[in-house]
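Questions regarding the structure given below will be posed in turn.
Letters A, B, C and D name the chains as they come in the text, with residue numbers starting at 1 for each one.
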Amino acid sequence: MSRVLVTGFGAYAEEADNPSGVIARRFDGQRIAGCDVFGRVLPVDTESVRGALANAIECSRPDVIVITGVAPGRTAPALERVAINVRDFPIPDTDGRTPIDEFVEPGAPAAYLSTLPVKAIVAGWRRAGIPGYVSNTAGTYLCNQTFYLARHLSRETSARVGMVHIPVVPSRAFEIGSPPPPSMSMDALEHAVSLAVSIAVQHDGADLRIGGGAIS
Amino acid sequence: MSRVLVTGFGAYAEEADNPSGVIARRFDGQRIAGCDVFGRVLPVDTESVRGALANAIECSRPDVIVITGVAPGRTAPALERVAINVRDFPIPDTDGRTPIDEFVEPGAPAAYLSTLPVKAIVAGWRRAGIPGYVSNTAGTYLCNQTFYLARHLSRETSARVGMVHIPVVPSRAFEIGSPPPPSMSMDALEHAVSLAVSIAVQHDGADLRIGGGAIS
Amino acid sequence: MSRVLVTGFGAYAEEADNPSGVIARRFDGQRIAGCDVFGRVLPVDTESVRGALANAIECSRPDVIVITGVAPGRTAPALERVAINVRDFPIPDTDGRTPIDEFVEPGAPAAYLSTLPVKAIVAGWRRAGIPGYVSNTAGTYLCNQTFYLARHLSRETSARVGMVHIPVVPSRAFEIGSPPPPSMSMDALEHAVSLAVSIAVQHDGADLRIGGGAIS
Amino acid sequence: MSRVLVTGFGAYAEEADNPSGVIARRFDGQRIAGCDVFGRVLPVDTESVRGALANAIECSRPDVIVITGVAPGRTAPALERVAINVRDFPIPDTDGRTPIDEFVEPGAPAAYLSTLPVKAIVAGWRRAGIPGYVSNTAGTYLCNQTFYLARHLSRETSARVGMVHIPVVPSRAFEIGSPPPPSMSMDALEHAVSLAVSIAVQHDGADLRIGGGAIS
């Protein structure tokens, strides 16, 4: 393993300073577990996200791809287990589009399973005192779409591909409601994603019974 | 359309009188929207459920299959959008087995999308004053396994196949905690499943952009 | 015991057909457990509610007062344990007033405990298959204000006074969100309030260690 | 203002290293906003807590008392608005006692309102990027009992008395469930309590319409 792509999203709706985008920018150019990390901020735009992601993959030729995105209401970082071939947006993207019951990729599989070692990452988080869990749905908005596209675009490679959903940060939480939704500090989120990357890079793939042929 | 299979589950864990099984028994032999309904109670057993379901499908040769199961904590009936090829049991089945990170069907697709008209059913529920919603995860326990198997076993037919997750009933809710989880009466649950069946039977399939080739 | 007052609220915000008001109207003129029931609909108006309630108490001279009100998000009927001398409205009343950090009754006690047999009522609900629980806060909106006023206005009588918070009804739940909040049918809510009244009327007061001198 | 008492609790149930007790120990002997802080760890014992608290108050003769305690499930620090004269323990204390429907202080008022400037503290938290909120119930366990006792024991003084409920810390969250409950880091919790203390000390009392005669 030698190259890692970490993506986050730019501003959208009320998330002016999207922490997933902050993470991607901070990671760009760093080295984690001996690998060069490429951090890329993707648009919250159901049409242009495909090209932006394809371009990022082409430029970085990654062995590991970690998509990150914010999901208000989550209590801790979540390793997503599956990306589904569905776009059913509860709110518009930044260009005002709200696809309902549309495919991400017409003709492609109904879903892709994560090829990250999700259980090993959660175990590693716990050893580091970070709560986290495996989630069985990434929703039907841009996070799921991007995770699906990352798996689809790299399906003929041996890249390990997955997604981490993160809670909002504290300074955003109190704008949302009272009581506020759960939150975690930027430092904790950055630490969680960094650990996910290093565990994914170093994992020998042995117990990845679920995760498919991409890891052998 | 002329035949419908509705399944529920038998007793498990604390659900001694599983309302999904009650629904299956009550529907057996009835007619809904001009169709003969076959109601079958399936075992909460990760090994024998496949044979029991295959047998029920063979006997009833259904045009519509509705899997039902209880999910404590749900606020209303939920149309599941997708079944995933994962068994990751949070609690053992009735035979004490707890598969972790195993496939439902090795070599089969990562997931199947529901081929029920999920949005039309939710709209029909609302017209009838019944709250309900589309859910994006059926979990990784027996409900998901059975929904996956129902789609898999009938993948070469034109059957419309889906799953309805239901809340607990009131008499069960107060045993679980204080405050209790949300609940709905047996009558309301029965009404919801009955409507799901009749809408699935009568739907012309036109707006099933998501749902795949099985509906034409 | 011979007279019971049951109050509910009229329309407010999105609750056009407030189920608590429906209950009050349905109960008016009925007999429960040998008592005459007076059902009164109160305005969702922080100024006029005091006069309306005082008038209802004066007219009915009740031995038992049960205030009812809707609290979206509740999973089941809740017996409120305490009313506090605080108005801190999260939304305006129907007259546009939003008192913040004001007393209900300046100079009056910080709180009144319920003098209904709250545990006996919850036990009675359970025997009838109705989930329910004891709640420790009635909020700081009109429900709490009215419960506080009912206790305050009858503090020199032997009346048993309390409040039941109810969930939204199914036809309202799906307007609120997806997934919808928990809901219960009008029939179940009516049954719950009716049981609360009859248990309150028949209770001998013996185990009301908490509840104060009003019950002896 | 010159002296502040901050209390936390010792180990109980699964909270072996109770973060509220950690905060009390860390604050002991420090100075905040020009005041000497006395940090005391109280026993999770419904009988001995009264003496321990009375002793702590006597020794420190505080102008401000801040009771802290953990409430798993809270999303952020919560300023409690009211302490009620009820002990109704959902779980036993460390001595195995489970008082049900008992008073904290027989013959004492039904409740005491907080005399901390709760809104000013929440506003101060927000300026510092810390989410937090005003809560209307401290429950009916030891946290509420201790808050009630703190108000009761200092009712003839001008001390400002209140309670901050805190979420669990990250290293505890993942032991509780998956998904884990919300959590906040020890540093963030310590910062929140420290700010609560300094705002309480410096507040001029002007807008404390609710909070009673103790603040003038």
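Just so it is clear, a residue touches a chain if its C-beta (ideal position, glycine included) is under 8 Å from a C-beta of that chain, and two chains touch if they have at least 3 such contacts.
This structure is a prediction, so every number in the text was calculated from the model and none was measured.
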item: Joint neighbours of chain C and chain B, given as chain labels; value: none
item: Chain centre separation in whole Å, for chain D relative to chain B (CA means); value: 47
item: Euclidean distance of C-alpha centroids - chain A vs chain B, Å; value: 30
item: For chain A, residues that touch 2 or more chains besides their own; value: 134
item: Arrangement of touching chains [line / ring / star / complete / other]; value: ring
item: Contact set on chain A toward chain B in their complex; value: 81-82, 84-86, 88, 101-103, 109-113, 119, 134, 136-137, 139-140, 207, 209-210, 212
item: Chain D to chain A touching residues, read off their complex; value: 74-76, 78, 125-126, 129-135, 170-171, 173-174, 178-185, 188
